[in-house]
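In what follows, structures are represented as structure tokens.
In the two complexes below, chain A is the common chain; its partner is chain B in one and chain C in the other.
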Partner chain A sequence: MMLHLRRTSLLRGWSGVCRCQTGNQPSRNSSSSSTSSLFVAPDSSSAGLVLHSQSTNVYQNLALEDWIDANVDLQQRSILLLWRNRPAVVIGRHQNPWTECNLPAMRRMGIPLARRRSGGGTVFHDLGNLNLTFFTSKKAYDRQRNLKVVTEALRRVRPGLDVQATDRFDILLNGHYKISGTASRLSRKSSYHHCTLLHSADRSALSTVLRPSCPGIHSNATPSVPSPVANLLDHAPTLQWEELLDGLVNQYNAEFGFSSALTLVNPTDESVFPGLSRMETELRSWDWTFGKTPKFSVQTLLDLTDGRSSARSSAQLHMEVKNGLIESCELDVPADWLPRRLSGELVNMLVGERFCPHGAAAAVALLLRSESGELQTRLHHLCDAVLSVMG
Partner chain B sequence: MLSRSRCVYQGLGRSLSAVSQVNNVLVRQSVSGFSVSSRLVYRNSQPCEVPSSVNVFHTRYFKTSAVHRDEVITVKTPAFAESVTEGDVRWEKAVGDSVTEDEVVCEIETDKTSVQVPSPAAGVIEELLVPDGGKVEGGTPLFKLRKGAAAAAKADPSPAAEAPPAAAPPPPPPPPPASTPTAMPTVPPVPPPTAPAKPVSAVKATAAAPAPAPPAAGGRGENRVKMNRMRLRIAQRLKEAQNTCAMLTTFNEVDMSNIQEMRKIHKDAFLKKHNIKLGFMSAFVKAAAHALTDQPAVNAVIDDSTKEIVYRDYVDISVAVATPKGLVVPVIRNVETMNFSDIEKAINALGEKARKNELAVEDMDGGTFTISNGGVFGSLFGTPIINPPQSAILGMHGIFDRPVAINGKVEIRPMMYVALTYDHRLIDGREAVTFLRKIKAVVEDPRVLLLDM
Partner chain C sequence: MAMRTALWCLSANFSPRLPLLSSAAQVSATRLLWRTGSPRTLSTTSVLSTALKFTDKHEWVRVEGGIGTVGISNYAQEALGDVVYCGLPEVGQSLEQMEEFGALESVKAASELYSPLTGEVTEINTELAENPGLVNKACYAEGWLIKMTIEKPEELDSLMDQAAYDKFLKSLEE
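What follows is the complex of A and B.
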């Protein structure tokens, strides 16, 4: 499968590929015959490659990153991939989605959740955010240099813009607002470093979704460090996408001594990217997105007060969750509110299920059908409270 | 030679034949081993379980050339890039897992970077030296790997297809979920169907019954799998239903030609207007709702605790859907107010949710009557079982061309057998038969609905 990537060839045609305008114009060189030659081993004048993904689907783009990392020989060349996504939340490899983002709100707003393979914290992507991925060999891995490409590019298109990369690999605007965050991944021989760049993102959506789904979670997953953010467009109102992208491509070439033009790529083209759809499927799966959460525990108090009785009633819930599945569950419900037999049944139903309101829904519905009257109402109330903890 | 090999293998529980096989290999290798031993560095701090006079190869550095059987190596944290000092370990593999060379064993998260730590050789993870989430620095020992252990007897939960050929005579002790070769090659050892034609129960739900690998040599082992909670609960409910209800089934047959023709004529326009396909379920669901409003006893249920009959004004029809995880029964509410397109939309929406595993508790709560379609699996005839707490269930079966007598002549018509299982404590025979005939009348000629007959 990877043979065509390693074969040296006399093909130099692609370096004469014409520059593509981003956005509306259809690319002339995205036909499969010419893009499949993209990854042929380069000669020295074309050791760098700048790609722009035509897809705005977060899973396809993450899969494209994986594909390049796995299939392209990065020892002799480097790649810069530019991509944007429709609204999505992206968590880091070892993070806990229930603490990092508000899953019920995301479901209501139709915003999907993706887990990337690199480390780091949680970010909100939308079409106002540009993602840049720098692919290099492990030896050439240098994040500050990559960020310098971004800051220098910004300074060139807008002289006087105060942008600075920090030692935590963020880029700050005016010394205060974060406009870019970084994450990376080191594999056996290759590496990639990707960062965001806030151009014109929807900040209110961002703040709505980037908060915990439910209280009471104790985990040693990688936490996110919240920072105040700003959009470039707010501080440089005339900076449009085209100018920004051109500036970045030019700076990338200048910094690394390349002379590559921007090439559009389509991750859904199986002839150019064989096997990418399989990677995309894996990234979409529940087992990857939620199942890869490090082990955590949930300890919270459920409020069982119903409209009828004036007495306040509450239940103590303690769950251990591993690989996204409920490993153990303790539910302490006052016996005068609901017989222990029923709360015990509910606990039994939950163990082994996914920590997800839908995972246990069928089992819970089955349990509810066996009861009737007041008991059923209370059990229903308890079930709702427990399921709402799961996001 | 022999004494050393015995020490090295103590506690492994191998069978004698396997040991002798390995012994031979070791004898062969040890000759070369001695010649290189002088170049190896012994780890004095490592407590050895073998006497020190014995030559045990413990390496400090990765040995990628010759693979020495059963050598345990300690893999260390690789150096971090860019002068980073420490990171958190996230384990991908656990103790006892076998890994191939270069397979990722763990990832180390340092400062927003995820670094993969591959296994230097094929083997079995012997011990994890850092807890999950623990901090490590470059050079910290991470885990111990027992090399060359493709034939290890450690509990290895991989499917039998990968069972090492060397261990053929005594099969390795099977851990519960592993599929050992079973008696008959043809029939998979899954539990028998829950009940005769329980609504669409053909799908075997849980991962507890993996498809067994085709047995190598007609073995006769057994495989015990614990019943999961959901299955236990369903089993309990079904038996309760059987014990309380006086369950009987009445049958009838439906001539599907008219409804098929209606569908043929209108399906394209329907698809264009409503954006979903026109199926047969809507006809049966609507027919059932019509018949249920006409005969409230079938829509009612006996409350055993209070000895009352509960009559309901609304018709909520539960539709049995087979999903990969098992049978789920989402409910369409207030069907008596819906027309065919509303019903199709509702079924479609629920089917989508079920497929994506997004059904909520509210979607599956309640229901006054159930319809189950065994026909999708090709069923000809069968007795459905009531879905408690309800009083009746309609079972649809497959549509097959059959010769039938129409006006004294034999004609071939697409026919479907339908079955109604009902609770005889509440519904008597005449009511049940009339009910089923009403459904038949509506499906055979939907104009009956317009004329309210």
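What follows is the complex of A and C.
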């Protein structure tokens, strides 16, 4: 039964390095036997595939997952995809980035934000974290079995290592350090379950970014459950990547009765993955990353005290944000600090703008230019306070 | 006016067992419905109400007054586990049959929702924002997801009725 590929035949050239299983694979295209075997009719020995992404770009790798989910027939075959990203924060499908991560810190550190399509909580990715995605049909969806691949692999390479999957589908080291979290997605006919595995991640960066951006947010978005984490390398200091990856591939094959070797894939190769870059563009977009945030409200007190006067002043701010845009805004500023006309104008400028310091700053700059002297200083102060709430 | 009212009554009662009309009369009644008036008006009047219809993705749709209410079946809510969040579309959004219109996040996974029909979203169940568990507790009643217009009533014919859906579920278990 030919593997159904909607867009193109993958029997064309293969630009990346490919360590595919050759030998007794029936070859559909004699000109490139090793590459064609990748998606050829699966017999029992090739019903599983292990792929390793050459990309370390979080958007490309998330798009690769989407591409496989949409284009590969997973009824007859399963895939394990291994991937790592340069530093990034990844939030779940229905989460609120302003409550889950520290957006100003991420901007300073050059760490991008991505929203994945699966559910679950927020994670920090860097090259010390391995991501594993198990693709199967919906029928074969079994998260505990997939996690068993990970825990068994770890026990085999380091006997005596205390690793255990919980009923929340975390993997704990020594009973309380989280080294892996899980999320998944069910689509038309297929499913994928992905999990992280902390090998040697930067824990200081992790704890800096996984903090709220601003206080005062009320939302019913799915919250993360924070846990203390640990790196495998700290508890198994000689466990290098090569040994870990080999162990995982072997255990995947053993658990499911496959015999596939690790195959490198390049998600930027449009001849192999046509349409992937379009999926990547969507994942990078503001509308997906921020605009998909469930409706939320912000209620906070802005401190307007400036260094010069001894009088303390504060303003009450209330905003409703929908699809990442400021749907409504109430700003209660003492009239003796700033004329209501000006705070009213600020409110009008903000409604309809993105809940984002950059988006709103442009609108606000216009307003500031129209004032001068003490009023302008105070207005500027107020604007800064409002913008800082937006992360 | 009276004629139209009569036609409306006929369509509301049109079911395989219509005791007062012979089968020949039933057929000609349908033909009448489709011929008079503008096609658009007729397409909504001819589907004033239906019993539950199901998709093979385990969504159901129930038509009342030309508006379809959409939800997920008991099989689906059981398979999903406890729903923790409902990601629903905007009112006014146009949907094609089979198009993804949202997702339900449960302890099990984020599962896509597929539109059973082509139409426009008229209402979303705002109760689900505070109480997503309604989808599990009352999937055919208070746990409804969206309401939509029915642009192509013939799509309803491609959906399964209760008996066909029950049979479909049995086949899945094999």
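Keep in mind that, in the parts below, the second predicted complex is superposed on the first by the 353 of 391 C-alpha atoms of A that agree within 3 Å, B and C clash if a C-alpha of one lies under 4 Å from a C-alpha of the other, contacts with A are read in each partner's own complex, and residues count from 1 in each chain.
Convention: contacts are C-beta pairs under 8 Å (C-beta built on N, C-alpha and C of every residue); 3 or more make two chains touch, one makes a residue touch a chain.
These figures come from a predicted structure and were not determined experimentally.
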Should the superposition on chain A be reported as showing a clash between chain B and chain C, or a fit?
clash
After the superposition on A, what does A:349 contact: first (chain B), second (chain C), both or neither?
first
Using the superposition described at the top, determine whether chain B or chain C touches more residues of chain A.
B
Where does A:232 make contact in the superposed view: on chain B (first), on chain C (second), on both, or on neither?
neither
Is A:357 touching the first partner chain B, the second partner chain C, both, or neither of them?
first
Could you look at A:369 and tell me whether it touches chain B, chain C, both or neither (first, second, both, neither)?
first
Can you list the residues of chain A that touch chain B in one structure and chain C in the other?
92-94, 117-120, 141, 183-188, 220-222, 294-295
Show me the residue ranges of chain A that touch chain C in the complex, using the header's touch definition.
92-94, 117-120, 141, 183-188, 191, 193, 220-222, 294-295
Mind listing the chain B positions that touch chain A in their complex?
81-82, 88, 90, 102, 107, 109-116, 118, 132-133, 228-230, 233-234, 237, 303, 305, 325-326, 328-329, 357-361, 363-366, 388-389
Can you name the residues of chain A that touch chain B in the complex?
92-94, 117-121, 138, 141-143, 168-169, 182-188, 220-222, 286, 294-295, 348-349, 351-352, 357-359, 361-370, 372-373, 380, 383-384, 387
Can you tell me which positions in chain C touch chain A when the two form their complex?
57, 84-85, 87, 103, 105-106, 108-112, 114, 129-130
